[in-house]
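By written order: A, B, C, D, E, F and G. Residues from 1 in each chain.
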Amino acid sequence: MSNELIEFVLVSIALLGIGIYGLAVKRNAIRMLFAVEIIVNAANLNLVAFARFMPHSGGQTLALFSIAIAAAEVAVGLALIIVAYRMYKNVDIADFRSLKG
Amino acid sequence: MSVIAPKFRLGYFLKGIFDNAFWILTIVTLAGIPAIQIVLFYMDLPVIDGELLTAFLAFTWLFNPTMQIPLIKSLLYSDLFRIVVFPGFGFAALIAAGTIFVERKMLAKLQLRVGPFYCGKIEGLLQLAGDGLKLISKEIIIPAKADKPLFWAAPVLFVGTAAAFVALIPVAPGGWVVADLDVGLLAVFAVIGFFPIITILSAWSANSKFPFIGGIRALHQMVSFEIPLILSLLGVVILTGTLNLSEIVESQSNFPWIIFMPIGAIVFFTTMLAELERIPFDLPEAESEIVAGWLTEFSGMMYGLVQLGSYLKLYAFAALFVIIFLGGWTGPVFWPPLETELITKGTPIPNYAGDPVLTVFAPGLPLFDADPNEWVKQQQGELQYTSGQLLISGVIWFVLKTVAVIFFILLPRGVFPRIRLDMLLHIGWYKLIGLAFVNIFIALGLVYAGVLGPGGIM
Amino acid sequence: MTNGAPDMADALFLAISVLTIGSAIAALEMRSLVYGSIALMGTLGGVAGFYVMLDSPFVAMFQLAVYVGSIAVLILFTVMLVKRELIFKKIEDPKRKFAGIGLMLITILALGAIILDSGVKTITTDSDPVDFREIGGDFLTYYWPALILMAFILAGSVMGALVLARREDTIENEQ
Amino acid sequence: MTEVIPTKQMPPGLQVDKVDDRIMTLNVGPQHPGSGHMRIIVKIDGDYIVDADPDPGYVHRGEEKMAEARNYITNIPHLERPVIHDSCNILYPYVLGVEDLVGIEVPERAKYVRVIAAELNRCIYIQYWLAIYGIFLGHSTMFMWPAGDRELLIDLMEKITGARVTHAYFIPGGVRNDVPANFEDVCLRQVNYFEQRIKEYADIFYDNPILKARTEDTGVLSREDAIRLGTTGSVLRASGVDYDVRVKEPYDVYDELDVHTNVLKSGDSYARSKVPWLDMLESCNIIRQALEKMPKSGSIRTKLKPNPKGGLGEVYRRVESGRGAAGCYIISKEKPEPYRLKLSVGSFRNLIALPYLLKGEKLGNMPAVYWSLNYWPVEADR
Amino acid sequence: MVGESVASYSNVLLMFGFACAAMAPALLISRMLSPENKKQPNPVKTLPMECGQVPSGAGRTHFMMQYYAYVLMFVIFDVMAIFLYAWGSSLLDLPRTATLPIIAFLGIMFAAMAFALYQSKRKDIW
Amino acid sequence: MGTATGIIKALNSGVKHLAVKRFTLRYPEQKLKFVGDGYQFDPSSGVAIAGLKGRHMLFHDHCTGCQLCSIACEGVAEAIGMVKVPDKWGQNAKSIMPQIDYGKCVFCGLCVDACPFYALYMSNDYELSSFTKEGLIYTPAQLQVKPQVQQDSELIIDKRGARHG
Amino acid sequence: MSTTEKEVPPKDNKKDTAPEKVEDTAPAFEKSYVEQIANQFSDDVEVEYIQENRTRLNVKKEKIIDVAKFIKDNTPFDHAESVSGVDYPQDKEIGVTYHLGSYTDPEYSKQVLALATRAPREETPNPGNDSTKLPSLRDMFYSVEFHEREVFEMLGVYFEGHPDNRRLLLPEDWADLPPLRKDFMNKGR
């Protein structure tokens, strides 16, 4: 059973859906970051899964790059959240609307 | 229910014990046995003499003298034995207990004291057991408004993570390791990464100020020293070209890597001290500043568990140092081979009149041979050492080296004062990372100059 | 491997799927942000488990060390930076919630239908997995411009994050 | 001329009014391994202390009030209670003052015995202080060694006075009993060994690079501030002020002995921790000198009336105790009891430097700075 | 076969699970044996440690050290360190020219680290 | 480099002390030797004789019941009370003798200094613990007993350091 | 040891200066600096030579700040060693004595100048709100800060101008007489 690609892809789709739901619904900036992370992981899972089933190292390499970029993204994102939190004493995304350039 | 409370009554105590025993039995019957069945269903069962060993068969063979040794051997080579006893939890806990004893006595000797003395008659050998009994009989106080699930889980998770770290440590040749991973070294880094999380969660969940400060300090400390830790081992990986810890050990059969990479060893040792929160880096538990740091609110057995976890961690780190820099179990084999006659002919045991009535065979004595043919081969000169010899010799070398490293981990506690957080971060980020890169370039130079690597000595 | 192994692997796959998806939902829906972060760690760990099942241990360990070991720490740390009330406050819009659930279902169903309909369903393999050393080779031979780009991204992000995170009240004070 | 001590330069980004919501108030003490019988209310912003307010008084027992109800002799066992580890030195100014009030001369040999006892007691106190300084910095060996080596001198004090800690040895008119026979040899032997032992502390403690990095440039008290804050003893001498009551205003036979004052310039925690150690070495010197110069026989106590009355007037005498100048101010109104007795002690005088020094320091420096002030909570509370 | 190597990895998990399962009873037994006054719980006893004083203020304030920069840096340089392992473990199989990209990579990261360490000296990052 | 040598020096000093003899006195097995028989006072010269200020010794044949010890203790600890004794002594008309509460006594020895009749001395006995507060009150009859004190340990200083032996 | 001129000299004083000898044999060194002060504040300052190296200046409470300023500026006395409050119930006054010392000038290091003043005393004290008030010398001698807090709580003398007139040693809920006054009785020991 577990040596079929489709299962991994389905899990990845489920994760993607959950991530999209989180991005659409949540207004807490940190939660939205969680959602983004989940989507990134869904993508990575697909990359690695496809790479395994058509044996090639490129998928894993790309997944590594993707994780690294996610780390960079989280660092910047959390720094942004901290700045916004310091300004508004809140993490509600609605409050950040007035952030301009 | 209380044992040492003033209103102690034996009847209540016995009743409590019986109640508990009843409930434990009930739970085991209703939940435990089905769980075991489920596990057994999925587990790989050993095959002995062409027969699949089921639980029923195992029980039968327990009373059959000829089948006992194969049975025991098969158990010894099962995963469960590795996890629970030998390279896994039991072995590590034993060394951890020894470490605690040695630490106390050695520190006492250094400080011209006696140390634990009365408990256990001989130099306080049983002090640890006494402390354990004391800790287990103490009340567990949970601070008000604490986050209870996290607070309860933190010590257990701490021990669990330390045990997972122990699982990666190969102890003897022939795959005596709980989990032999291709990327063992990376797995070590992954496991180490869990400690800061547990620390900060337990500190946060206590809802108290001193643990919180201690937790944040612990986080900064562990996190900052993880990078030099990772980088300091890269030199060895460059030279060996593998991430498997057993292969790293085997690559050192001629000389340990500490000869070529003393800088990396020093960096790793320092970061090890910091990751273990030992003096001079015990800032998270700096008692004169923040009471006991992130352990402040732990009481009774919870504290005991955290201590157990930290000593398991200490063993694992010391073992990792031994594996990577000191050559693990490699060393001259000094364990004599077993008598060949015992295997092939058996040893006759005479009765009172001197007549041999019983011949004892030890055909598969588990620790001494994996394969009886090895003896024959050794006798014929085809094989230098049997695997049993290698195992025992390897374990002894490994334990000796580990104990030596543990001694050097313990020694700074008597010699150095605690350092400050900013000094610590400065050391970690400026000096140790710099030294780690120096080490990497040394390794690179050694490879490209042809001293080591494919064209060199190796 | 005896015949027990595939069963074990199936059970493991199921368990990890449940863990991953369940904790992904929990990460978004739990009341407390701290518990949400822990659940997110569960998701990330589950994905690492999938990587192990897909014979990519290097990526799995990278995922664990980077995502769980550092990103989760940073997230937890930042969550603790936020006031206690906010940690336990859930800001949500009920209308948007239904819309979000709808969107999620549409995405999952549509993508699932497409995937199931495509040829992906039949792909299986019995070939040996890729050795993780090839990844290192990839990095430095074929993908080396990406590596340099990666360095620029990482460098830029750390600089940006540090510049962003700086507090400004000293500047006010100096004036 | 209004002269206000300028607050220390805070690190940038630590302005209290701006970061109000991030301040955490920590009660350090009274039940804290790093406080002693005192509470320091510390406000921290991250790793930095923005405000520190010492709250002594947990062991206040009103010695001064109680002394007004006792006569001059029965005060003796009580007035040494504030610093039982330095009991001879804290009793010294009182005894000198009462001698002045009653008008009584002390025999020569008694003066030497007093000096020996006082110097031994100073070493005992400093060893105890050093032990706690060691454990405050996380150096457990430095906790055990001084505490053990202190036994050598406690043994000597027990031979002299018959008590290990609370000696009640000095009495107006001399000392209570003569030293035992053969005491000079024993004392010389043990003091020499003691000196050899404390010189070994240098390797493991005073020359330890980690300790130096930890305590140097922390809690710097400049010379001017040390004088203005009225600090005394080792705190003062570590800041470069050459002031020792034993030299500047010699009492008993200190003017006949060669007393060297240890002065360090830097005024940081390291200097403050090193001056007492140097003082111990100096004390060993003084003891050896005193043993040499001491008359081999003679009276050791001038007999006093059973219930002596002080004259009408007041007296203020000072000695150098282990924590600095200890003064005793006695007002007498021709009664067997003092009308008012005030102990002006080093700990209380040094306490004022604590909030001043802690401001802007890192939290990790708190124990190093606090205990380097040579503060003994019980003495400060009296 | 996909997923053959799971077994050895699952051993780590099993070890973790075993340690947790073996240690949880210690807490349970301790809970059973230890004296506890359940009828009249002492509210003072469960107060958080505050040196004998009644705690003032919340325990979990959003309190931060001045060293937040180091945690931010950790996230980035952890990635860098493990990236280096991908290179280091395959170094022996690679041509020598493959070191050049990694030197460039390290050069850029060193520049970033120098900047970050310069920034992290500031006390106002949190 | 100074740092490295300092660290090595400290480590060396620590390791060196692993070979030094232990200093600790193992108290219940070993007990310290003291100078004399205890703290005594000679009223004629006004000077005391050095010795440990331990539990008191009361010589019934010298005690006159003058209460001077009690008065001396009044300002210090109020540990001494005068009680009737059954025996008749010629010098003690009122038949009262001191009874000492060691729960209050501070062992200052001022009562010994106050006694003009050589009746009250201090002995080497310092192990006075008791399970009850009443057990700490020593009657004149108990104070009369001369204690047997084990004294076997002395401070020895030799080349391998100081120790108790 | 000595007294004011008005009082009868004690007879059993052997060692120190009897009061009638004070004017004659005033030690030369002390005289040199005390006379500076005495000349400046001729009416308000009363000089006593108590003992060797000990001098006492009795100052009226209105002038204490001026005298302290003068001492701080013109003599090497740079710190206060102790501040002692004394209760004089029969005079209905509370005396406060500052003992000043010098670290900087080696010649003065022996000297201790006692600067004494008196505050009115009330039968029913209400610390901080009654007439028992004195100006604080903290601006001149910074080291008196904690000593003055102690005098405030022990004798109820409120120091005006002191930035931090709180309790120091006694417990927070202490609500009795200031304990060092003579009418606060020792209840047992």
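Here is the rule we go by: contacts are C-beta pairs under 8 Å (C-beta built on N, C-alpha and C of every residue); 3 or more make two chains touch, one makes a residue touch a chain.
Given the structure is predicted, the values throughout are model-derived calculations rather than measurements.
Student: Any chance you could name the chains that touch subunit B and subunit E both?
Tutor: Chains in contact with subunit B as well as subunit E: C, D.
Student: If we define chain centres by averaging CA atoms, which chain lands farthest from subunit E? Would you check?
Tutor: G
Student: Does B-C or A-E have more contacting C-beta pairs?
Tutor: Counting C-beta pairs in contact for B-C and A-E gives the edge to B-C.
Student: Where the CA atoms of subunit D average out and where those of subunit E average out, how many Å apart are those spots?
Tutor: 45
Student: Let me have the rounded angstrom distance from the C-alpha centre of subunit C over to the C-alpha centre of subunit D, please.
Tutor: Result: the chain centres lie 61 Å from each other.
Student: Centroid from C-alpha atoms only, then distance subunit C to subunit G, rounded to Å. What do you get?
Tutor: Averaging C-alpha atoms per chain gives centres 74 Å apart.
Student: Mind checking the centre-to-centre distance between subunit B and subunit D? Centres are C-alpha means, answer in whole Å.
Tutor: The answer is 49 Å.
Student: Which positions in subunit F touch two or more other chains at once?
Tutor: Only 7, 10, 13-14, 23-24 qualify.
Student: Give me the residues of subunit G that touch two or more other chains.
Tutor: Counting only residues that touch two or more other chains, subunit G contributes 189.
Student: Taking each residue of subunit E in turn, which ones touch at least two of the other chains?
Tutor: Residue numbers touching two or more other chains: 1-3, 5, 9, 50-51, 57-58, 60-65, 67, 71-79, 82-83, 86, 88-91, 93, 99, 120, 122, 124, 126.
Student: State the interface residues of subunit E toward subunit B in the complex, per the touch definition above.
Tutor: 5, 8-9, 11-20, 22-24, 26-27, 29-36, 43, 45-51, 55, 57-60, 63-65, 67, 70-71, 73-74, 77-78, 81-82, 84-85, 88-93, 96, 99, 106, 113, 117, 120
Student: Touching subunit D in the complex: which residues of subunit E?
Tutor: Per the stated touch rule, the residues are 50-53, 56-57, 61-67, 122-124, 126.
Student: Quick one: in the complex, what on subunit B touches subunit F?
Tutor: 106, 108-114, 117, 411-412, 414-416
Student: Touching subunit A in the complex: which residues of subunit C?
Tutor: So the residues of subunit C in touch with subunit A come to 6, 9-10, 12-13, 17, 20-21, 24-25, 27-28, 33, 36-37, 40, 43-44, 47, 50-51, 53-56, 58-59, 62-63, 66-67, 70-71, 74-75, 78-79, 81-83, 86, 89-93, 96-97, 99-101, 103-105, 107-108, 111-112, 115-116, 120-121, 123-130, 132, 134-135, 137-139, 143, 146, 150, 153-154, 156-158, 160-162, 164-165, 167.
Student: Which of the residues in subunit A come into contact with subunit E in the complex?
Tutor: Touching subunit E: residues 2-3, 52-53, 64, 67-68, 71-72, 74-75, 78-79, 82 of subunit A.
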